[in-house]
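Input: structures, listed below.
Each of the two complexes below includes chain A, the first together with chain B, the second together with chain C.
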Partner chain A sequence: MPSLPVVLPLIAAAVLLAARPLARYRRVLDLVAAGTSAAVAVLLGILIFRTDHASTYWFAGFRPAHGIAVGIAFTVGPLNAGLACVGAILMTAAMVFSWRYFTGVGTYFHVLMLTFLAGLCGFCLTGDVFDLFVWFELMGVSAYALTAYRPEERGPIQGALNFAITNSVGAYLSLTGIALIYGRTGALNMAQIGAWVSRHPPSGLVVIAFVLVIAGLLVKSAIVPFHFWLADAHAVAPTPLCVLFSGVMVELGLYGIARMYWSVFGPGLGHRAAIGRVFLVLGVLTAVVGALYCFRERHVKRLLAFSTISHAGVFLAGFALLSPLGLAGAALYVAGHAFVKAALFLGAGIVLHRLRSVNETWLHGRGRKLPVTGALFTAAALGLADLPPFGTFLGKGWIDDAAGSPAVTIILLACTIVAAGSVLRVAGGVFYGLGDPPREDERMAAEANEETGETDSARQRTPLTMSVPLALLVAAGLATGIAAMVPRAGDALLSAAAQFQAQPQARPADVTVSSVVTGLVSAAGAVGVGLAGLYWRRIPVLRGRYEPGARGTGLADRFQSGVINDYITWVIAGLACLGGVLAAIIRLRGLAPGSRRPWHASDISCRRRSTTRRP
Partner chain B sequence: MSPRQRLVLFTVAMAGLAACFAWAVAGLPGFGNYPGPYGPVILHDAVGQTHATGVVSAVNFEYRGFDTVGEEFILFAAAAGLSVVLRRLRDERESRPVDNSNRLPVPDSVRVPALIFTGPTVLIGWWLASHAQTNPSGGFQGGIMLASALILIYLAGEFIAFRRLSPVALLDAVEAVGAGGFAVIGLIALAMGLPYLDNFVPLGTIPGAVSSGGTIPLISFFVGLEVAAAFVAIIGEFGEQTLLVRRS
Partner chain C sequence: MEYFPFVVVAWILAVGLHGIVTSRDLIHTIICLVVVQSSTYVLLLGVGYVTGGVAPYFYDISARTKAVDPVVQALSLTDIVVEAAVTALLLSFAVQAHKRFGTLDPHKLVEFRG
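Now for the complex of A and B:
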């Protein structure tokens, strides 16, 4: 059964392509795609609750013998099945949303969405390093093509190229890392490599292989300075796809890093505190950079993309604490964020469908005729600001508890306030017409106005297939938080995190007063930032200076330049720094050369399950 | 960044990464000292367990068959994605196909060998794809050879014939059958209560015989179909981009 979440969407994709003459019956395509996604979500939901301890599934029945795996395994635990389940739910919502959304959509859109879903599930569930790479690539290839879904415009092609090239370079570096570690250990199974690495003192090869393997994942998860592609791709990708990019694809990269650390490299690398601090610095940097870029943005989809970068930094910080509570907090935060961010993108999609623009400046006050969308968008924005009882507040609260450092808490709080405040500014300005109409910035207006090709014509009513998924996603964001506040559910999540890390669970998962207070402060602060953004010109100290939205010059644009060469340079520079820092950490404590373990061919052979019929 | 700044940063960063990489490579075992258990274990067990003498195929389609499912679908998604990006758009008109041979005559020294080799290429491709259990390649290579046969026709200047032999609807259908067939074979094992992709077909008595290997030649055949159709589709799409002028 663990194979089905991957296999079902693949078979559905093949069937849809075979039945291309049926593409006229658009509803058949929609039904098959949405139905398959929903079935996968249900299957994964069952897997979450069926596996209280990690269960391993061996493909073709090749079980390992003497600690040597010849086949491929899925290692299904609550955390990775849960992440895949969130992905499948978002996919279902996206498919329902696109029911009335696209006009010129053919079979290929559905086929690629289904292969994306299969890649997503395989990536989450696998316990094999090379298999991980295969599904990572399937997800990537589908995503690149879907981003370029409107090739008649310049924007999508450029955004998709930035996305494809940056991520492919990352993927090649990952593959190089896999080759290095395979060349030394002769193994691809995560547990088997992990066992080898922890038996040997950390060598240069292991350190650099770790850095290279996570290179592709760092790019995917948009960690500064690997993040530049994300905003370019989000701005131009079809809105249903943005739901998946922001809601789950970025988070998958982070899951991959956590998986690589805990299942493969971490136990052998040692120096846990120092390595955790490196990731904490990266996470905090990402949160700050994302929040600042988010604030100055006027293109709604790009603004949401930068808020995703900021939140990815918070997730990484949660993982970097390397404690079960930190990881459980990050996992809960990922789930809560996925639902509200997906809702925000669907809201932006409805605005684009009805008003044919995603330019905050132009839209000012024009969203007043969309009261339901406005209310749901605002609610989701408050969820993004960690308002209790959205799932985000408790996740953030656990991360703060695990960090136990006021400095980290305050910085992350400030980032959330600024990022979510910018989204609230959009909500207040567009849907309620609050504040002053922002000044027109020519370049940004030109960019935002390019966003028209997704739907045929502005409709007079919002179709139910668009507003219902939006409402359900906001409700799911609330439900995540309420469910996690049940003590038993919180403890289950915490023990799942502890099991993911193979660590003892130190403490129960509580809903502390401080997490509720922090959530309320965060939401209030975000409302304040949102209002300040709307009434910027009336704030005496600023006198209209530093108003968000002026783009084209300045330091920020020199970094986010849109030039692929720059992005690749930053990827290489980031990796060189990360490699250097980790090497320094390991070196400072003394490094013994990796001893070679003698290996005996005679006593090893792989076993096959005897259920196979033999003639 | 100015090009100059970029060049400086890139050079410094690349030097750093290269130093890291050199440090890592220094930790690899020396040339010829394969350290891992995987190769010897497979060599020891594969023929006995799968009755396939093509051990590479046994690894591709049996031991690590699930990777191959993913790889096949990467190609599948890439071909579909290319069709999305290069599809004819609503506001583009297609001009009449330009027959290349009139404007740019293909010399007979290219034409004749291309057409002569078409037949043998089909034969070898078919053999490679459908007898994976006995030869060291299998569906991927065989599929590429089958695609090359059609590309030879294209090379002989017969783009119109090439397109007529490979209409898009047919290519899509073959691709879907190839990719889906592999996934379904795995599913049959599941329906029989076996793990996904387990070898449920009798393995045959003599390793290396035509009937040996169980699901290995079957899977390989479907992979061959998928790869051939995908590559023909990709070449066809690119050919149309250059040969058919599209105006909007």
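Now for the complex of A and C:
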């Protein structure tokens, strides 16, 4: 049963590929792909509720003997099955959306999407570090190919190249770390490595292996300074794919880091507070950088991509608090964000389909003939701004509670306000014609229609297969928040997080007044930022100094240069800094006495893991 | 403990990364990526090497014979398959890049920036 979410899409992909003559009947392809994704989502949903704690499934019955695992395991817990389930739901929405979206589509789109889904599920469920790399690459290769789905345009080629090369370098660095840790421990099973690492004092090699392993995952999750590829790839990928990129792929990288830390390296490395602080700094930095780039962007899909970077920083900050409440908050925030961000991308897809552009300036006021899409897009943007009762507000509230630090709360709040405010600015300008009309010039008109090759836009009304998934995703975003407010569901999520971290659950999850107030403040602030962006010419401070959509000059363009050589330089520099800091913390400060003792109380030994297997 | 293979690994990795960073030709970039990945083959095989070990086929030899680690060989094979897929895909992108941009210089393959 746990292997089905991986096996099913792979079989479906193989069947579609083998039955090439079927490609003439496009609806057969669509039905098979959407049906498989929906089936996988249902399967994973069942798995979430059947596993109140982690259960391990050994392929072909190769169970470990004497604490040594030779076989390959899937470790299914509520958190990772839940993340895969969100991915499968988004995949289903994307497949339904693409029903009438593309001008021409062959078998390859469906096959690659299904392979991507298989990679996604495998990555979430695996309990083996080498398999983690293999699923990472399977997912990666499908995603690279899908990004360049329209190779006749220049943007997709640049995006796919930067995406593929940066992520591949990251993956090979991860593999180097995996090989080093295998050489030291003789194990590939996460629990077995974790048990070995926690029994030995952290050596230099373990630290290097940890940094290398998470390097690839940091690239995938677009954490500053590993994030440059993301905007290039998300802006140009076909819209149904952006849903998955922003909704789950970035979050998968973060999940990988959390998993590597809690199941493998964390128990042995010690110095939890200091390591947590390093990740907190990275997360806050990412949130700030993403929000600033988001605000100055006028290309709607690229703007949403920068908002994803900003939110990835918030997720990392939640995880970096290293407490069950922080992780539960991050998990809830990931789910809530996935649904509203997917809805925003589908909204952008409908705009591209009907109005043939995703340039905010050109679109100004032209979206007024799409009232339903406009309303849903605005609702999703408010969800992104943590408006209660969207799932995002409670997740953020828990992260704030866990942080217990006003400075972190205020910085993260400001980032959310700016990022979501930029999205609201798009909603107000495009769908309601608010704000001062932009000056149209030739360059803008040329930029406006650069993406028309993707979709068929002869229709006079939006097909139901596009608007219904959009509405359902917004509803799902609301439902996540409402469900998590039920005390039992909140506690279940919290105990799942505690169990993921092998920690005792400290405090119950509440809906505090402060989280509701913060959510309302955040939404109000985002509306304010959106309006300021629209009416900037009337604000004395902004007039003259701020020109929306000014490109090609300035410091910001020099960082986000679009040149792959620069991106790899940043990866190497970031890796060196991170490695240096972590090595300094772990090696120079020495082992604090008693710092590792709490871990032994909840030691995840292989033998205990192996006995928890369920039929 | 034999350190030499690990020095070689670090060298290959550094050379490959240096090549990507300084590259002015996309084909060169892609080949350098292959070089980066080659370092992982050497590392995997180096990690599993046992001095005096034989090939791990226990068909006509005793199961107690000293042999090199078969796991890393399986990992290297998987790694090679991944590399073949990624390289083929990247080279096809390079062909498209040349068609659309008329150049293979990574500094000129820029449609979006900032």
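Definition applied: the second predicted complex is superposed on the first by the 576 of 615 C-alpha atoms of A that agree within 3 Å, B and C clash if a C-alpha of one lies under 4 Å from a C-alpha of the other, contacts with A are read in each partner's own complex, and residues count from 1 in each chain.
Note that in this section contacts are C-beta pairs under 8 Å (C-beta built on N, C-alpha and C of every residue); 3 or more make two chains touch, one makes a residue touch a chain.
Source: prediction; values computed, not measured.
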Which superposed partner A:Arg298 touches (first chain B, second chain C, both, neither)
neither
Is A:Glu137 touching anything from chain B or chain C once the two structures are fitted on A? First, second, both or neither.
both
With the two structures laid over each other on chain A, which partner does A:Val15 touch: chain B (first), chain C (second), both, or neither?
first
Quick one: is A:Val211 in contact with chain B, with chain C, with both, or with neither? Answer first, second, both or neither.
first
When the two structures are overlaid on chain A, which partner does A:Thr569 contact: first (chain B), second (chain C), both, or neither?
both
Per the contact definition in the header, classify A:Val169: touching chain B only (first), chain C only (second), both, or neither.
second
State whether A:Phe59 touches chain B only (first), chain C only (second), both chains, or neither.
first
Residue contacts with chain A in the superposition, chain B compared against chain C:
B
Scan A:Val111 for contacts with chain B and chain C and give back first, second, both or neither.
first
Which of chain B and chain C A:Gly122 touches, first, second, both or neither
first
Shared contact residues on chain A, chain B side and chain C side combined as an intersection?
130, 134, 137, 141, 144-145, 148, 151-152, 157, 160, 176, 180, 182-183, 188, 561, 563, 565, 568-569, 572
Can you list the chain A residues touching chain C in their complex?
130, 134, 137, 140-141, 144-145, 148, 151-155, 157-161, 164-165, 168-169, 172, 175-176, 179-180, 182-183, 188, 231-232, 235-236, 296, 299, 302, 551-552, 554, 556-557, 560-565, 568-569, 572
Contact set on chain C toward chain A in their complex
9, 13, 17, 20-23, 26, 29-30, 33, 36-37, 39-40, 43-44, 46-48, 71-72, 75, 78-79, 82, 85-86, 89-90, 93-94, 96-97, 100-101, 106-107, 109-114
Chain A - residues contacting chain B, complex
3-4, 6-7, 10-11, 13-18, 20-21, 57-62, 68, 70-72, 104, 106, 108-109, 111-112, 115, 118-119, 122, 128, 130-131, 134-135, 137-138, 141-142, 144-146, 148-149, 151-152, 157, 160, 176, 180, 182-188, 203-209, 211-212, 558, 561, 563, 565-566, 568-569, 572-573, 575-577, 579-580, 583, 594, 596, 599, 601, 604-606, 608-609, 611-615
Applying the document's contact rule, which stretches of chain B touch chain A when the two form their complex?
1, 6, 9-10, 12-17, 20-21, 23-29, 34-42, 44-45, 49, 62-67, 69-71, 73-74, 76-78, 80-87, 89-91, 169, 172-173, 175-177, 179-180, 183-184, 186-187, 189-190, 193-200, 202-205, 248
